[in-house]
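See the structures that follow.
Below, subunit A partners subunit B and then partners subunit C, in two separate complexes.
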Partner chain A sequence: MAKITFITSDEQRITVEGFSGSVMALAVENGIKGIDGDCGGVCSCATCHVHVAPEDVSKTGEASEIETDMLELDDHADQYSRLSCQLQISEVLDGVVLRVAK
Partner chain B sequence: MKKSEIPDPFAAQRSNCGYETIDDQNDPVTMLLRHKDVRKTAHNYKTFTSQAVPGRIVVPSEVNIRETRQIPFEVDPPKHGAYRSVLEAWFKRPNNAEYQEVLTTMVSSIIDEMLAKESLEVVNEFALPLQSRALTLLLNTPFKESETWISWGTHVFRSEGEALDADKANVLYDYIDSELDRAIANPSDDLYSVLMQSDFDGRKLSKEEAKGVMVLTFAGGRDTVINAVTNAIAYFADHPESLERLRKEPEIITNAVEEMIRYFSPLTHMGRVVTEDTQVCEHAAKADSRVSLCWASANRDENVFENPDEIVLDRKINPHVGFGFSHHNCLGATHARQIMRILLKELSEKIESIDILDLKENIEQWGKFQRKVGYHKISVKFNAITP
Partner chain C sequence: MRDVSLSENLAENQICVIIGASHAGVNCAFALRKEGWEGKILLIDSDSELPYHRPPLSKTYLHSAEALGQNLLKSPESYSIENIQLLLGIRALKIDRKAQKVQLDNGIWQAYDKLVLATGARAMIPSIRGLSEAKHVYPLRTAADVNGIRDKISKNPSQEVVIIGGGYIGLETAASLRKLGAKVTVLERECRVLARVTAPEMSSFFESLHAANGVSIHCNKQVISIAEDGEKVQVICEDGSSFPADMLVLGVGIQVNSELASAAGLQIENGIRVDETSCTNDPNIYAIGDCTDHFNPHYKRYLRLECVQNAVDQAKIAAGAICGKDVFYDAIPWFWSDQYEVKLQLVGLSAGYDEAVLRKESELVFSIWYFRGNELLAVDVVNSAKAYVWGTKFIKCGEPIDKEKLKNPEIELKSIGR
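After this line comes the complex of A and B, so read on.
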């Protein structure tokens, strides 16, 4: 189990619990504003973009090349950007804080 | 070769050179064929604009048959974003459970109609009516409007043998004009009325702007959806084991739909106009010339996709550009994805197998490339699952 906190563009702080699957799917299930997950998690649409809190980057790990190539062409991306469909929920992610890009 | 196969005519050119210039009514277009170039160019709206003379970014060019600017399609940021934010919520309605319920009923009932027939022609008897009926949901208009749209045929601009049909375009424009006049006189809760009441940039949207949105909605979502639906039927005819797999593993339907959109690439390419002398893929692109983003070629790029010419139903990483890419990605994608997801679910639950009886492929000619995009006609028989 992992507790994951989302901060939306209107500064709402929402903490939800997940057990498995992707962080994107967890966000969509919980109606987190700004995470649409249009493509269902295959790294095609970039509608699940989050900025990982700097202190949590060690927990989320590095983006793959395909994910990085996608983020490179997103004007709102920075060094903390991830596509949340590529973050798999496990205990490792417990406590992470993610700022929703959109 | 299986009947449902869609070959990739761009493979050799993509790996050898990466682009190819073709003529289009004396306004040549350089088609960009590599995934990386296509995405980079789509993202760079300043050098590769969509905001040219209306119709010029479309290939074949519609400059001679259209004056209305399609919105937000032919507008660049920042104005593009302002239009897009007016429309976003409406075009995301397909994510609502009630919307999906109604769509499921539509899909389920048209499959049942087809199961009662000895044979059916998929394009005209299945895909076109399904696309038209589903569009009543996106527009929130009465179901019976779909009968009018079905009567227009498979492409609102094109008719068989003639790539650009101005008469047919006028039918659509006149129809949209009269619907907007109706919405102005008697507002309801349909898209026309919502557009006429929308605030944009401190004012209301004009009728011409609303018309631009409606033309885009009708034209952009017509032959694309029809091709996606028809190609899916052809694919299942050749692959009954895939129907069975989706029946047993419905959780992969979302992936299967993205994979079909990649493989089918219902829209082959879309143009941009170059705003300054530049270079793309070692090609010198002159200001005021045209390039196109070849989604169909990018979606088969072997540097990005393993086994690019195969439908891998549960492909997990799939950065396809079947719905375009970046600012101008497809406004109707949410609707299209729901149609396809529900179609795959309903087919897998009702259909055991499909027999292809007869077909005529729809092959586009782009310079030296011949690309199959779907079918003009494909007659099949649906075989129900026997309990």
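After this line comes the complex of A and C, so read on.
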């Protein structure tokens, strides 16, 4: 189980619990605004972009090559950017804070 | 003060009815709230399942045991939180444009101020002798179709499956069914698979990929009849060849659901004709997604597209326009397909190209860049998100490309501009 906090563009902090699956699916399930996941979670659309809080990067790890490339489609991407469909929920992610990208 | 409250009341009393609750309809409903629509939103679909992602149906949903609930477009609670009324399992029968009402098959005439047609398309059922009487025939468009295929295959995973049509649906289905252990044959009418959508080099790649995975692909096969053969059927082609099948899957394209619009006197061309705000020729009726014939400003022509990108983009444009925003559609289409471990990504539209430039990093990593003269029209990419991203950027900005540099995989894509 992992508690994950999303900060939406209107500065709402929403903490939700997930057990398995992707962080994108968890966000959609909980109606987190700004995470669309248009492609259904196959790293094809870059509509589930989040910025990981710098202190949590050690928990989420680095983006894969394909993910890093896809993130280049988004002008708002930075070194903390991840596509949340590529973040798998496990206890490792417990406590992470993710800011939903613009 | 009084005027303000009056107009607020008016806004709250407005009704937007959306017919079709797949990618386009669902995204439009949520986008309407985001754009500030205060009135009612009714989202109607004849499919009784909670709205789901369609692309995985022929991919992971088919070959994994996952439940449809893992593929929902939005959570069940999201609809009530956004005050979107979902009416599932209900069909719209008729539009009365003058009275601004839609007749539903539950007997209700539903009034609307704004109507959005997101009616999509249905699987084309080809006219083949014996097909309508044949057992174990499955189109592939809805969750119910795929649930049927999953049930049938679970009874005997190694059964013989014939897929009619070597387009994306046919090939994705072939890959998924192979994963489950079926003996799969694909019959394609054209001389190569994916003939309508990609260059010959890409068709060859996918033909080899499927052959290597044990799928038997036959091109130039026009199926003319289906004959009963005990528990099996025989799929008979024009050239006299025949293929036995325990199950037949149809992947021969779609038919636009434009009948409702057509009967209401809306303009129909290659789909429901809409303007740059996704509005039809009736100012209170919009149309979005697979069912529309819309103008693409980048390619300067009318198009009908079957893809998530167009469904979502038009949904947002229509929602903005309905809420009085100054928005218009101007998108570069993109698509994807996953087969085995191969990720195919496509951006732009290659129709009308006169040169296809291959950039090959390795046997399994390459891209095809389609040009008309020096204009980059589209890029098809296998296993290279970098090429997809740079292709997208070059198509959007129109910067000329040095084709010799492009061909050379040693030269980075960011340096291929002239």
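One rule holds for everything that comes next: the second predicted complex is superposed on the first by the 102 of 102 C-alpha atoms of A that agree within 3 Å, B and C clash if a C-alpha of one lies under 4 Å from a C-alpha of the other, contacts with A are read in each partner's own complex, and residues count from 1 in each chain.
Here is the rule we go by: a contact is a pair of C-beta atoms (placed from the backbone, for glycine too) under 8 Å apart; a residue touches a chain by one contact, two chains touch by 3 or more.
As the structure is a computational prediction, the values presented were derived from the model and not from experiment.
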(Q) Taking subunit A as the common reference, can subunit B and subunit C both be placed on it without clashing, or not? Answer clash or fit. (A) clash
Q: Report for A:V96: first if it touches subunit B alone, second if subunit C alone, otherwise both or neither.
A: neither
**Q.** First, second, both or neither for A:V52, with subunit B first and subunit C second
**A.** neither
**Q.** Of subunit B and subunit C, the chain that contacts the larger number of subunit A residues
**A.** C
(Q) By the touch definition at the top of the document, which applies to A:A2: first (subunit B), second (subunit C), both, or neither? (A) neither
Q: Could you tell me if A:E29 is touching subunit B, subunit C, both of them or neither one (first, second, both, neither)?
A: second
Q) Which partner does A:L83 reach: the first (subunit B), the second (subunit C), both, or neither? A) neither
Q: Identify the partner contact of A:G21: answer first if only subunit B is touched, second if only subunit C is, both if each is, neither if none is.
A: second
Q) Once the complexes are superposed, what residues of subunit A are shared between the subunit B interface and the subunit C interface? A) 36, 38-40, 42-45, 66, 69-70, 73
Q: Within their complex, state which residues of subunit B touch subunit A.
A: 36, 39-40, 43, 92, 95, 254-255, 257-258, 304, 315-321, 323, 325-326, 329, 333-334, 337
Q. Along subunit A, where are the residues that touch subunit B in the complex?
A. 36, 38-45, 64, 66, 69-70, 73
**Q.** Footprint of subunit A on subunit C - complex, ascending
**A.** 23, 27, 53, 55-56, 59, 70-75, 77-78, 81-82, 308-309, 312, 336, 338, 343, 345, 384-386, 388-389, 392
Q | Residues of subunit A that touch subunit C when the two form their complex | A | 21, 25, 28-31, 36, 38-40, 42-45, 65-67, 69-70, 72-73
